[in-house]
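Each of the two complexes below includes subunit A, the first together with subunit B, the second together with subunit C.
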Partner chain A sequence: MEMNVTRRTVLRGAGSLGALSALIAAGALKPAAVFAAEWNKGAFEARDSAGVLKSIGAESATENNKLVLKVPDIAENGAVVPVEVVSGIPNTTSIAILVEKNPLPLSAYFDFSNGALPEVAVRLKLGQTSLIKAVAKADGKFFIAQKEVKVTVGGCGG
Partner chain B sequence: MSSMNRREFLQMLAAASVAGVALDSRSLLAAENADALYELPKFGNVHFMHFTDCHAQLLPIWFREPSVNLGIGGAFGKAPHLVGEHLLKAFNIKPGTREAHAFTYLDFAEAARIYGKVGGFAHLATLVKRLRGQRPGALLLDGGDTWQGSATALWSKGQDMVDACKLLGVDMMSAHWEFTLGDKRVQEIIDKDLKGRIEFLAQNVKTTDFGDPVFPPYAMREMNGVQVAVIGQAFPYTPIANPRYMIPDWTFGIQDENMQKMVNEVRAKGAKVVIVLSHNGMDVDLKMATRVTGINAIMGGHTHDGVPQPITVKNSGGQTLVTNAGSNGKFLAVLDFDVRNDKVQDFRYKLLPVFSNLLPADPGMAAYIDKVRAPHITRLEEQLAVTEGLLYRRGNFNGSWDQLILDALMDVKGADIGFSPGFRWGTTLLPGSAITFEHLMDQTAITYPYATLNEMKGERVKVVLEDIADNLYNPDPYYQQGGDMVRVGGMSYTCDPNAKAGNRISDMRLNGKPIMAGKTYKVAGWAPVDPTAKGEPIWEVVGDWLKDKKTVSARKVNVPKLIGMKGNPGIA
Partner chain C sequence: MSDPMKIRAKMNGDVAEIRVLMGHPMETGQRKDAAGKPIPPHFIQSMTVEVGGKMIVDGQIGTSVSRNPVFGFKMKGAKSGDKVVISWVDNKGDKRSDSVAIA
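Then we have the complex of A and B:
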C-alpha cells in the first residue's frame, strides 16, 4: 500500500493547517461566509427530532432513493460514528443530519450554494443506539433518508 | 487404529466376536462406511477446498455440535439454525451413523468413543493431498480464526499456525482472531511469512483516517484455463467484539457496496467464477447473498456452523451458494464447478468430516507438529484434574466447560455473579478424561485473558445482558455479531429471544431473590475489551482451582428459562 504512505506523507509535509489555508485561499472554503449563514437557534436547541424537522420546515419530508445516507450498522466507537450523506437530487441547497436519540438531535446543517456538490462526511457522537436521519432541501422541497446505528457495549463475539 | 484398513478392521472384528467381546451394530457400521467416506470423484474443472475457524487445533480433538442454536424471525427453522434430529432430517442424514455424529450433538459421548477424534493438521494434510491429487489446480482457502485458540499459538504469537498453513498449502485466507495479535504482528507475518505463499485478503478493512484499503481485497488465478477470483471478507465487527486497541488504525464493517464493486471489478477482468471467502457468519452471508450479485459462492465461517449442503440464495443477478464449514479442523469442504462456454454449468459440494482414525497422519506435518510442541510438552501435558462429566462449550446459552470456568471464577473471586464470554471455539472432553493445561488453554488462550472483579448495579447487569442478547437475536443479521450469549453464573434469568431490544431479559434472580436495579453486586468476568482492565490470566485462576479439586463432578449448567421457543427446531 505504498500509495497510502505517499498520500499521508504529502499531507503531513504540507501540514493540515497549510492544506486548509490553501483551500481557503482558493475560495473553496469561506469561513466568513459560513459563519455569516443564518444560525437556526430553534432547530439546534430542539430536544426531539419532530421539533427539529418543524424548525427547519421539513415536517412533510418524503423518502427519496437519490438521497444516500451511509452509516455503519453497528458503531465501532459510539463517540465517533462516521456519517456520510450524498444527495443526487438536483438543486440540493441544504443537508441536515439528525441523531434521533441524542439530547439535541440536530447535529449538523450544511448550506450549498453556487452549484457546490451536496456531499458531506462528519463524525458524530451517539449516546445510544439511534436512528440517524438525513434531510435534504431541493427546489423548496424536503427529502429524508434514515437508518439505525447500533451502539453496543462490545465483547463476547466469536 | 489409525493405520488400519477396512479388511484389517473387519478381521479384528471377527477375532473380537470369537473372543466374546460385545460389539453393537454401530461399531460394525463404522467399519463399513470407512472407505466410502473419502471417495469423492472429481467433478468439473474449477475446484476449491475450504476450512475455517480451526482455532489453532493442530492435534485431533473432540468437538460437540450445539444442542441450542436458535433461529429468530426470518431465520426460524432454517439452516444453520437446526440442531440434532432436525438437522439430520433437513439434510437426509441417517441417524446413528458416522455422519450423524459429525453434524450433531446426539448421543455425543458414546458416539465419540466409537468414531474417535476429529481433525488434526496431520490428518487434514493427508486429505488435502488426496483431493489435490485428483483435482489439479485446486485452491485451498482458509476462512480465518487460524492463528488463535491454543497454548502454542498464543506463545508463538501465531507462528506455529502460520508455518503449519504454509506446509498444508493454504493459498488464500481471511481473518478475525488473527487481529487480536495486534496490527503490527499481523503486518509482520504478512510481510515476513505469507509473501508469495498465502494471500491475506479483506475487502472490508480500511484505514480510519483516509479509508484506504489495508489488505488486497481479492486475488485472481487461472485454473485449468478458467479465470477465478477470490474476494476476502474479514469479520466485520472485530473492533467491537474484540479489543479495539489491538487495531486502533483500522476500521471494518460489512461494506456490501464495496463488495459489489469488487465483484464487478473481477468480472470485468475476466473472472468466470467468483468466490467470497467470508468471516461474516452464516446469517450475515445469507443476507449479503440477497444484496450483492455476481458471486457464485460465499464460503463462510465465524458462526462455526457445520452445514452439510450449500444454501442457494436467489438474487436479482441469479443465485449465490452460501456454505459454512464448521470449526476446529473438524471439516474440509470441497466445491467443484463445471465451467464451460464461460459459464458455470453445474456444481458439486461436500463437507467432509475429518475423522482422524480413517486418515493416516501425513508424516511431514506430524513431524512438524511434534517439533512445535516439543519445547512445551511438559507444561502442555500437565494434568490439572479429571472430569467426571462431558465438558463442551458450543451452544447459544451455556456449556459445561463455561460452567466450570464460571464456578472456578466465582469461587476464587468471591463473586455473586459470573460472566464468561460467548466464544464458539473450545474443544470437548469426554467423561472420565484428564483435564490437562493444554485443554484449559483450548478454552482460554487469548491475548486479553484478564480475570476481573467489578461492582455492578443490578440495572447495569440488565443492560449488559440485553446488549449481548441483541447481538445474538436481533432479527436483522447485519446487527448481529455472531458469538453466543454471555454465559452467566450465580444468577437465574428468563430470556425471550423474540422480544424487542431491551425487553428480552426478565426475572433476574440471585439465590431466588429478585436482582434490584439500584443494588450493587460483585461480578467476576474475563476477556475484557477495555484497555485499562487488568487481572491475572483466567487460566491461572481456573488452573489452580482444578488442581485443588483433583476430580471435578459433572457441572450443573445454568441456562435461562426461555419464552416462545417451543417448537423451534434450533433447540433440542
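Then we have the complex of A and C:
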C-alpha cells in the first residue's frame, strides 16, 4: 500500500510528459502500467481476512449500514456467485471484496474516480460456505459490511 | 491470444452503465490436472476502465474472481457516444484492451 501511494504521488508530481518519459526510460515504470495501480501482492497473498485488512490499512474498519452488500443466501454453484457492492457513504473512493474462507481471501480491489459511482458487480468463486466482506474507503476511513453465502457445490476444486 | 471482451455500455438517465465480460481461465493455482500435477495460477491481476480518455475504475484482481470474469460499473458525467476503453493484464503479462462507444 505504501508503495502505491508513493508511486502515485510520483506520477502526479511528475507534471510534464517529459518527466514521465524519463521515468519510463529509466525503467522505473512500465508503459502499460502507467495508469494502473501496482498489484498489492501482500494483500492478495494474505491467507486470512485479518491479514488482508491489515495489508490494505483497514484493520480498524467499522460497520456502516450505508455500505450495501448484495449476495445470494444460497449458491448452488460456488464457481459463479454474483456479488454486488454499493456504497452510499459520501466520498467513497475504493471498494474491496473478500471471501473469508477462500485460501486467498482478497478477491478484488477497485479505486473509483472521474465520476465513477462507488459500486461494482462481480462474480466470485467460493470454495465453501463463507462470509463475504465488503470494505469501503471514504475520506481515509474504512467501513465494512459482511454476509454469509451458503454453498452447496464448491467452486475451487473442480 | 485471448478472445475480445464483450462490452456493453449504455445511458440510463444520467448514469452510464458499463458491463464487461473478459475471456480468461482465471486459474487459481489450487487445482490439479488429471495426472495430479498442480495447475499453475493464471489470472487477471489488473483492469482499468477509461471513459472519454479518463480512468474511472482502477481494479486489482485476485484468484477468487470467476472464470470469464464479468464486471459491472456505473458512472455519472458521461454521454452517449463517449468511448469506453477496458484493459486487463494477467500474472503472465498477457494483456488485452477493447473499446465501445456508449449507446
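Basically, the second predicted complex is superposed on the first by the 116 of 158 C-alpha atoms of A that agree within 3 Å, B and C clash if a C-alpha of one lies under 4 Å from a C-alpha of the other, contacts with A are read in each partner's own complex, and residues count from 1 in each chain.
Keep in mind that, in the parts below, contacts are C-beta pairs under 8 Å (C-beta built on N, C-alpha and C of every residue); 3 or more make two chains touch, one makes a residue touch a chain.
These figures come from a predicted structure and were not determined experimentally.
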Quiz prompt | First, second, both or neither for A:L124, with subunit B first and subunit C second | solution = second
Quiz item: Once the shared chain is lined up, is A:T152 touching subunit B (first), subunit C (second), both, or neither of them?
Solution: first
Self-check item: Which partner, subunit B or subunit C, touches more subunit A residues
Solution: C
Quiz item: With the two structures laid over each other on chain A, which partner does A:I144 touch: subunit B (first), subunit C (second), both, or neither?
Solution: neither
Exercise. Report for A:A79: first if it touches subunit B alone, second if subunit C alone, otherwise both or neither.
Key: second
Exercise. Tell me which partner A:F110 touches in the superposition: subunit B (first), subunit C (second), both or neither.
Key: second
Quiz item: Common interface residues of subunit A with subunit B and subunit C?
Solution: 155-158
Exercise. Provide the residue numbers of subunit C that touch subunit A in the complex, in ascending order.
Key: 15, 19, 26, 28, 30-31, 45-46, 48-51, 54-67, 69-78, 87, 89, 95
Quiz item: In the complex formed with subunit C, which residues of subunit A make contact?
Solution: 32-33, 35-37, 39-40, 44, 79-81, 84, 99, 102-117, 119-127, 155-158
Self-check item: Residues of subunit B defined as touching subunit A within the complex
Solution: 145, 176-177, 207, 209-210, 212-214, 235, 237-242, 244, 251-254, 257, 302, 421-425, 463-464, 467-468, 470-471, 474, 478-479, 481-483, 486, 501, 527-529
Quiz item: Touching subunit B in the complex: which residues of subunit A?
Solution: 1, 3-4, 7-8, 70, 72-77, 82, 129, 148, 150, 152-158
